[in-house]
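Think of it as A, B, C and D in the order they're written, each chain with its own count starting at 1.
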Amino acid sequence: MNQLGFPLLSLILWLPAAGALALLFVPRANAGLARQVSLATMIATFLLSLLLPLRFETNPMQMAVVGAPPVMQFVEEVPWLPIVGATYSLGIDGISLWLVMLTTFLGPIVTLSTWDSVHKDVRNFQILLLILQTAMIGVFVAQDLLLFYLFWEFTLIPMTFLIGIWGSQNRIYAARKFFLYTFAGSVLMLLALIALHILHRDAIAAVEPGFRGTFSFSQFVSDLRAGRLTLDTTTERLLFGAFFLAFAVKVPLWPFHTWLPDAHVEAPTAGSVVLAGVLLKLGGYGMIRYNLTLFPAASQWAAPALAVLAVIGIIYGAAVAFAQSDMKKLVAYSSVSHMGFVVLGIFALNAEGISGALLQMVNHGLSTSALFLMVGVLYERRHTRELAEYGGLWKVMPVFAAFSLLVALSSAGLPGLNGFVGEFTIITGAFRSPLLGWIYVAFAVGGVVLAAAYLLKLFRSVFMGDVSQPANATLPDLNRRELTAFALLSIPIVVIGVYPAFFFAGMQHSVAALVADLIAQAAGS
Amino acid sequence: MELLIWLIPLLPFIGFLLNVFVIRREREAGLVASGVVVAAFVVTLIAVAMLAGMPPEERRIVSTAWEWINTGSFRVPFAIMFDPLTAVMALLITGVGALIHIYSIGYMHGDPRVVRYFAYLNLFVTMMLFLVMANNLLLLFLGWEGVGLCSFLLIGFWFERKSAGEAAVKAFIVNRIGDAAFILAMLAVFTYFGTLNFYGDGEGGQIGFLERVSDIAGLRIGPDWQPIFVSTAISFLLLIGATGKSAQFPLFVWLPDAMAGPTPVSALIHAATMVTGGVYLMARTEALFTASFTTQGWVAWIGAVTALLAGTAAMAQWDIKRVLAYSTVSQLGFMVAACGMGAYVAAIFHLLTHGIFKALLFLAAGSVIHGTHDTQDMRRMGGLKDAMPITFRTYVIGALALAGIVPLAGFWSKDEILAHAISHGHTPIFIILFLTSLLTAFYMGRQVALVFFGTQRDPGYHPHESPAIMTVPLIVLAVGAVIGGVINLPVLHWLTDWLEPVLHEKAGEFNIWLALIATIGAVGTGYLGWWVYTTNAARIKIGGKDPAYRYSGDIWEGMEEAWYLDRLYQRTVVAGFEQLANFLARVFDPQGVDGLVMGIGRFFGGLANGVRALQTGYVRTYALVFTVGVLLVLGVMLWFAR
Amino acid sequence: MVPTSYYILLSAILFTIGVLGVLLRRNAIVVFMSVELMLNAANLALVAFAREQLGVEAQVLVFFVITVAAAEVAVGLALLVAIFRTKRTADVDEVSTLKG
Amino acid sequence: MELILFLITAAVAIAGAVAMLISRNAVHSALFLLLNFGAIAVLFLLLRAPFLFAIQLTVYAGAIMVLFLFVVMLLGAEKVEDAPDRIAWQQPLALLLGLALLIVSVVVGLGSATTPPPDGEELIKFSDPRSLGELLFTDYLLPFEITGFILLIAVIGVVVLSQRGRKI
């Protein structure tokens, strides 16, 4: 159903791209104007996207009937490749609503951070950022599998250039590794996509001849539920595995995470913020949207094993983060640990787990972006990321220290801030889920302790102690731009911590529908 | 009435916000901060008065502000409550808190970041009030960790000092370990009771889990070879959480180091309020603890062991604040042991009196430090009784109260715990606790002798009495220490009756013989301690060994290091984790996982090189390969055509 | 009537000899001749089947094969001459400048 | 009777091929190949394809072999293979492959030729060149023209390739 008359989602989707187009006309040398145009587009996209939660039906009329496809809102559908049955169809539901908001919210902040961090070839940098923004929003709103895959691969290109051109020392290696690693993962998904398409087309063509097959996600779901398309267990598990691998590389789940530290260390600040802020969420979103909805039986089967991987990721990420001497690597591994929580939440396969995972993705997006901004601020002033180089900055940069403390604590999961709400709901979900026992939770809670350990180590070595290095003594505190960026980020951090009900209400209906299907499938199979 | 109880935590929070965003000058910060806490104290008094007015069984006001988390079946309201137990705790927090705020104005005068100090102090009081007034475990946990955060900020207030930074981080992480167990306990409670609320919210809402503890009487969880009662599991996890926060046996190492923070902080956080959080938690959820016999045993023994261990350690300390820190750990041991034995009222009573006289001792120590230009090593003090008369007198009163001499508050509360121990047949614990009370008297006598008697060993400073703004709170607290015992005199039992609706306990009868023996013991050992350190005053050198070292040698050394527990943890747990982390970060991740990935890349590279060898350039080899191709195709055709 | 299988057998033998010629001999011209031999073997098999199936089209095909073979030989030999003029040898192994 | 004739020609053809392979002298191998082509032409006759017999003789034996002889004589490349074989493992592997190829092609060939050769009325019509002609100039007119073109291009190619001196 589309509440509004005009195609809002397409507008939000293509506005950044239009901005990129406009930037082409800006003369290359004029960096200032390029930044202004890009910032203006980003802010416009965000303001436009504010319409989404306002007009979003928290409990649409259709009840969560088991077997009905997920109820999409702001739906747009235009035939795109009829011979294959692919349609340009957009739509969001509770699951993707907040992730789209996160993307559009981070947009202006990322552009704001480029003012100081990027000095060479600013115009192209902005163009790449805008294109990346379109690609990311595309992934969340696409309701057609082919369109989804198109945007999914498309996000790689600008990101690889961002790392490859504007990165630091061995950026080429990092960019190449990032591209190949993620691409290899998602090629399997393409295979599964096509297999699903063909299986579906043959199954339906048997009934109604002349059916040319389709890629529309809701059609797949309704046919699967109605039994028109049945996958035997091995095929379903294979398809599940293929989809899962692509998302696991992106999330990054434990064994597939080695590209993340290299990509983060080499990426420019803005690149890191976008990479950590949104790109990691594509994997998580994909798992919930595609793995759980399309292959519920396989999810039930695979959940315990994947939860083990997630828990290893939590502990492993935290431990390795603790041992890092490079700030960016520390924050990168902290993302591995936090996203481990998200995957644990997803594969708890119950309402608390999944909504906790969704909220934790938004939280992680906010707090890790702030952490990377923090590292960026220090890098621009001292051009080094080594912890040993810093000390006693609390006295030199008090405002900066205050924000960093807030962000570090939110990331460590202090109650009252956003991190805790997400993590606690995930742990509750994992504890109550029939598939996972209390042992998973015991280790996950260990992860919470380790999180405090490495984040406080970061905070202590940068801000506490006396000003050992003379260079640190004269560092200027946050300038106006950095201040607004941090302030903008800390508002939702506190708001989600104190009043998450608003966010949970948004995702309530879709998660309930998803969980109902999962239970029905589990009971059925 | 509901509006009123919301005011209690909100007032300090407003003070916090003002200090953070509005106030810049030191004078205003001090006044606003203290004023706000005093106001909170007054409001608490009014609330208590109104509560007293209500009939005993209805003495509970529950007020929900908004729906905090509501996803799926997991509903947690942001709700506070006010019942007799909370009232008593709130009185202690705001009362002692107000005095400490006033004292801080004087103590922290001239510190460059004093505005931020008062902001943290106000935030601490807010969080502590949330902790005691929460109506569900999650909000209690919010206060719990909030208090941990404030202790991190306040211990690390003078972050220039390396020791302060490390102590702050250590405190937070050790607390976090306890909190991890606390989270698990919350999960178990939620799974087996469906709600985290202590009590129903009045309007027929779901009744809290404390009223339905009987539901889980028979349930067992855990592996089938060793099934444990659900109630045991939950209460044991809560116990671990409490040991983390109230610095009991396994997790007490952070408290002595926390003395690196300013002294009023140690008085407020590490004597009166935060560390009592664990005891309050056990008292609040006593229904769970009494339901499982095994955990009660554990609680009692942990308390007793901590008391003894910390008592011995306190005897051998040189730093004036570390003595009091170990003494706090020891007294907390008393309270936890009391909870373990089911004497919750006695525990709360001791908590209150201890809160008063320990805060007094810390503040007096602070004024000693303030007067001697920040010297904390007792070996450099001595003979300060003439220079600082008020501090000396209040200090002695505090010391006597702690030692448990008859008229003073300490005696009554400690005696009640010991009486309960005997009457309920916990003789081994009684012996340990009795022995510890003697040790307590000894080290207080020692401290008084070292600090105030003899001659001033270090001429480097000339001591002066603290200004009025510091001594007035001392006097008020001293009065409190003297008359504190009246709260729950053996005959009157005000506190027992007051807490009856919450803790449902009957008053134990007064054991005269025990009282006599305890007092004689305390006076004796106290005098012994004082006598040893005044006669041997000459032998104490700055930086030298304790005169008692000649008799006991290594034992004394062991006691000073609190039986090397801290070093044990440092070497095993912390160092072990660092090695593991380094191994994973330096070896396993780059070579192992990454190696695997890059390995695949290299493997295909090798394969490609192999194939390249075929390109010899001779036409005939190509022809050869060509023929092989033809053969293969034919072979396949044959294979399928057969 | 001679059964077709005999012809096929014969053409197989001739074809193999042609292949051996290509693989073994180093003289470019002999290699060329072997290729022509292989072509003829193929033609033979083709015609044998044509007779069996009475398919006149096969003959048309053979006709075309022969004409194209002629064109091919012409160009091939021209190449050979050009190479010979520059390298002064007809040995196949000498010509390995395009080494991989 | 026809069988005997077939056997003789087959033997001649194989002998010619083998001799072409073995002979050191390029000219001898060319002549042996000529013999082979003659044998194949006779086989075409046995297979009732007289027109092809004629074409084989005139085009293949006549034109192509003459061209070969001409080029061999021109280049004087009779004695070429004196240097030892450069690639050591070429010889044995080639023989092995040849053998394998033989076996495989024989098996494939025998497998397919199943129906017995027909005779009588259709066979006569089949062997009549008129039917070939009709087909060639009706259905296959276009390929016929194309082959014409190919020949033309071949000629131009040869002329261009044998340019002396002028750089293309």
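Convention: a residue touches a chain if its C-beta (ideal position, glycine included) is under 8 Å from a C-beta of that chain, and two chains touch if they have at least 3 such contacts.
Fair warning: this is a prediction, and the values are worked out from it, not measured in the lab.
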Going by C-alpha centres, which chain is most central here? A
I'd like the Å distance between the centres of subunit A and subunit D, where a centre is the mean of that chain's Cα atoms. 69
Could you grab the centroid distance between subunit A and subunit C? Build each centroid from C-alpha atoms only and quote it in angstrom. 64
CA centroid of subunit B to CA centroid of subunit C, Å: 96
Subunit C to subunit D: how many Å between their CA centres? 6
Overlap residues in subunit D, where contacts from two or more other chains coincide: 86-87, 90, 94, 97, 101, 105
Expected list for subunit B, residues touching two or more other chains, is 616, 618, 620, 624, 627
Quick one: which residues in subunit A touch 2 or more of the other chains? none
Looking at the whole structure, which two-chain pairs count as touching? A-B, B-C, B-D, C-D
In their shared complex, at which residues does subunit D touch subunit B? 86-87, 90, 93-94, 97, 100-101, 104-105, 107-108, 111
Which positions of subunit D touch subunit C when the two form their complex? 2-3, 6, 10, 13-14, 17-18, 20-21, 26, 29-30, 33, 36-37, 40, 43-44, 46-49, 51-52, 55-56, 59-60, 63-64, 67-68, 71-72, 74-75, 77, 80-81, 83, 85-87, 90-91, 94-95, 97-99, 101-102, 105-106, 109-110, 112-113, 115-119, 122-123, 126, 131-132, 135-136, 140, 143-144, 147, 150-151, 153-155, 157-158, 161-162, 164
Within their complex, subunit B touches subunit D through residues 616, 618, 620-621, 624, 627-628, 630-631, 634-635, 637-638, 641
Can you check the complex and tell me which residues of subunit B touch subunit A? 66-74, 138, 141-142, 144-146, 149, 152, 156, 159-162, 164-166, 168-169, 172-173, 176-177, 179-181, 183-184, 187-188, 190-191, 221, 577-578, 580-582, 584-586, 589, 593-594, 596-597, 601
Complex contact set, residues of subunit C against subunit D: 1-21, 23-30, 32-34, 36-37, 40, 43-45, 47-54, 56-57, 59-60, 62-64, 66-75, 77-82, 84-85, 89-91, 93
